[in-house]
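Take a look at the structures listed below.
There are two complexes below, and they share subunit A, which is joined by subunit B in the first and by subunit C in the second.
Entry: the complex of A and B
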């Protein structure tokens, strides 16, 4: 009890220190010094010693080298998808990060761009526009759509805006799904516009000056150019009058309005810019895929993009890049079992390292997990409860190594489900447990997560990914609401 | 007339379900000013709990207890289970964020929603289940008013929804806890100074709101719709829309908004087009937002004192 009070009072002083007139940097000086040990220290060092400009240049050079030396179409496809994803996170960063509008209909603009490209460059409506005509037309139309959506939305804020725009996204999906048999007035037969749930296949590739794009490599270069220009533009906008005005609107609409800032116009502008970028990204995506399907533009994509922006820190462009990288490449890695195994073990070990803070605690935790595993295995072997699995579930080398240590029950589904519920309960308990109990819980949680991963999750990559995203959003909001690289809001007390 | 009346009855039944969901949003919004995005998924969990109780009692065809008792147990278990789930969600996802910015609980709620949906996918698989109501309540059972037939399932759902709404307004208006809840909605700081245990009230609010969503989930199952892990999203959206139309934070508003939404949806489906009914709901929402931004029953909010 006294321990809890102590924690409480510590937290109180922490908030008091951040009051008006206290510099955040000074207030957190002790905390920063304390962080400098263990696994986080290395990350901290990298974070502080390298300038932003160096990082951007390094990234660009790496991207150019990637385009020159990599010939694997699969890798280029992943890289191009990352590029499209990055465009979206940058777009959301403008709407949410700069202007502070939670626009949950963002993916609809992206989908609109993709469908608009599909309709102007396929046999669906027998339109084959040249790319230099169709893409600008799409960007302008999407921007106009963004303007239309902003009209009712700019009177709303916060939760209302979120739900209205989310609804708007659903409407887009419903319209596309139902527009495969539309009867125009004066006609008796119905026209198929969007192909409904079948989508529109067989789109033309991008074509410039009579030269059609031949492979993903061409799209990769296009995306690299577009992204470079976009990143330069966005970092510049952030420093202009409009960028500063957006920030004030985000922090306090009422105060900025009384300072003479035209809040409504700025909100509309953020919507328009965000929508235009999303539409552009959608058109490129449609070109790469050479087909569009409506389920690609539904809520899962929305959560993925938002998770990326929030993970990196909304308002921070480097944060968005990291977030996009994690969220877009991670699923591809999770798809290959061998990589996903390695990634899982790495993340687990890193997490234990970060929570343990010191190297000594870290080593102690790892040893405890190994010991727990052996005890469980030996106990079950002695009581003859453990059954040898008839077939090996996981094929990755890591799994094969783990097999000698981990219990693999014959009924994996049931035991996996029990482990899942137990893990959720333990993690929840951990978050409210007393400091003395926490170190005891940690190895247990780690063991159960390995068990769950090997027995259940590894075979179900998609669900796993979503579970991780969901848990990450909740934990992130509690631990670090501003994301990895975002700046904490100045809360007026 | 008969067709119109039939659509009206269908709409009211659907509206009852929406109203119950909307009430959960409104209650939570009233005390915490947060939008509980995970509410639709609580509704999904409620539907699953009802399904498992039905299976546990011997399934739709070979029930071990009489049908009314079975339905009662389904509702009771589902409401208590989802109520507890609501308390857990509040404790772990919202309480740590009570002092942070407005957007943080919203995103945390989004996370809870994703977690619940995928946890259900992992635990219960992607199969769509049905309560198979018609095998224990014959669809011919019921009565007719002229050319309008009201079958017994719809009647049960409608009557239960009305009873729950009535019980809720009694709870909010007559009990001490309800009074405390209203006090917190008006001014949280003042309520604390008056000695109200704010955590306890918020816990109960989440319990009641989530239990209503659980009841709505079972009703959805009884109305012969599928039970699956993604079923909560659209009704959750509609429930929130209903709460906003009625004026969020207002309890009669949520009830009226839900019923109105159900009727509008049913009538547009009956007369205009089945494919675009959500579109009309959306237009209704936008119209209300433009004409009465605080909803039909809402009070004008003072943004900053």
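Entry: the complex of A and C
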């Protein structure tokens, strides 16, 4: 009897701890349901356990270590470009993610900052300002430019704002292009202000306390300091008064205005802050490159920055870091065949894992792919079709590992085309196939992808880079539209 | 108030006294929400004037009107859905607080203190509704709230702007009898504890009877009756507006 009582009271305490049936337990019900099984479930679990601050500190330590131990100028250049790109991503995150303003002319502020540095630190106008003067002046001027751009945008939202700001971005480009021969009134000959499409080369490096920056490493350290301070500042702003007000502007401007929040002023503030950050980034970029060319500040860069912020999750600052990394470092990594191969295989396996949902399904899929490979190999050997010796295509670690399993016919181009068409057809069919047929198609699609990769795409590094990034973006947006770390939003139209 | 050729409100003469609760009733399309929109500055009246404590507020920006002391809730609940419950209320204190982005970014003691005060004030306002919007609920996104809770949150948010006058647009819409009773009590408590003047648009006559000092009836933009609840409820024009021609005679 006493044993029974003990068990009963133990069960009672457990029930009390869980509070089954109480409001709190019910409220967390959705969270429990959402904890998915399989690979994603593990990731989710790890995600919750590690706090944000730990992650930031770990990242900072890794970045410091990188600066101390890496000498390779190429790597440092990539890292510094990442730093500048991250600054821009944060700036756009404030304008788009916090305040909800679709500013498509953002890169113009970046370009303005770069050109402003070029004009104050080169022989173009024979101005050689000291850095402690030029950079703050540039930040302030770009902020003022942001203010000017925000004025006509006050009454605009959404698509209309996008068009107007895109227009401003293009005005900037045209202005720079045609400012290589401006005739001032009262003079007969023209002056070359911006170097037009040739840009402005030969910029002075940054100089602090009389010491000029000697290599990219110096810029790396500067960026590390600037970014650390910027991330701290922006995270704090996000959590407090102005950040909340910005988010109300994004959510419902009318309700926001009715609660005493001056929406127009906040929009202007977002523009100013975003522009200031972009201008700062532009100046540093100009210092690193020692030259400015206008075609680096046009729509292609805008697309990359936007992709970065949406990939990471608009409104999420940690997300910006991930997004900036993916869009800035990844293309560089993919130049190297070894890495691009490994990335391809990883992405493919991950996609299978995500679609498969459970560990069992995942294992089944992998086994099916392997089986298909051997079947094809047997079929090709039996039919005595000429095959390409693996020496030719197995050059990197992954392809070397595959050479006993994958067989490539000698007529690579023809078969490559056939495989490409088959792949597109199969993927299209997959998207409309019945649920029962989908698991059968998946291993086939995976095999054809691997075949195609080794057959055609590996040889052409540039195309493969674009394809991989594009494919990743598409897959991610389908699977998780709010980006890596964004919050799923409820929109009321 | 005219929208083109549509006369939405005409010759409306309405006075509300301090700490009074006035209900505005009338069939749909009578111009009640238009009245609220004009008072809060969302529309500019085409004729006539609006004064608050002797100061004219007609045509002023809604943010300015709010800071002069008028807060409102919306008929179709316009919350900041993707923000958490407590953030909704904290955000509404923006105009009454001062830390700018530099103060927040540097984490000055003053800004930290203000942030704590804002948080405390929001918690107090949410506790006003008892256990409904308390504790773990604070950090949940507003879109996870039930309909009745969303209405309560909207009232809490309006209160966070520290108003003198509160305009409630159909606060009891879509609520069951028990929740309706709660809302009536809340309105009474708000007037008593926070010394507010309250203007209520309502269709539910139980609420109107329970809270009003005075009732104003509108129909097609014109005031058709005014007085205490009993006189307005039995007024033949009001009965006709709600129940149709001939009902007054039958009654």
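Basically, the second predicted complex is superposed on the first by the 349 of 493 C-alpha atoms of A that agree within 3 Å, B and C clash if a C-alpha of one lies under 4 Å from a C-alpha of the other, contacts with A are read in each partner's own complex, and residues count from 1 in each chain.
Definition applied: contacts are C-beta pairs under 8 Å (C-beta built on N, C-alpha and C of every residue); 3 or more make two chains touch, one makes a residue touch a chain.
Keep in mind that what you see is a predicted model, and the values were worked out from it rather than measured.
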Which superposed partner A:245 touches (first subunit B, second subunit C, both, neither): second
Contacts of A:254 with subunit B and subunit C, given as first, second, both or neither: both
First, second, both or neither for A:460, with subunit B first and subunit C second: first
First (subunit B), second (subunit C), both or neither touched by A:435: neither
Subunit A residues touched - subunit C or subunit B, whichever exceeds: B
Shared subunit A contacts, counted only where both subunit B and subunit C touch the same residue: 254, 489
Footprint of subunit A on subunit B - complex, ascending: 29, 34-35, 88, 91-93, 96-97, 99-108, 110-119, 121-123, 233-234, 237, 240-241, 244, 275-276, 278-279, 282, 285-286, 289-290, 293, 303-304
Contact set on subunit A toward subunit B in their complex: 15, 100, 102, 152, 155-156, 158-160, 162-164, 166-168, 170-171, 174-175, 177-178, 254, 299, 303, 306, 310, 417, 420-421, 424, 428, 431-432, 456, 460, 463, 466-467, 469-474, 477-478, 481, 489, 491
Subunit A to subunit C touching residues, read off their complex: 23-24, 27, 232-234, 236-237, 240-245, 247-248, 251-252, 254-263, 269, 273, 487, 489-490, 492
Contacting residues of subunit C [partner subunit A, same complex]: 40, 42, 61-63, 66-67, 71-72, 74, 78-83, 87, 90-97, 99-101, 104-107, 111, 114-115, 118, 135-137, 140-141, 143-144, 157-158, 160-161
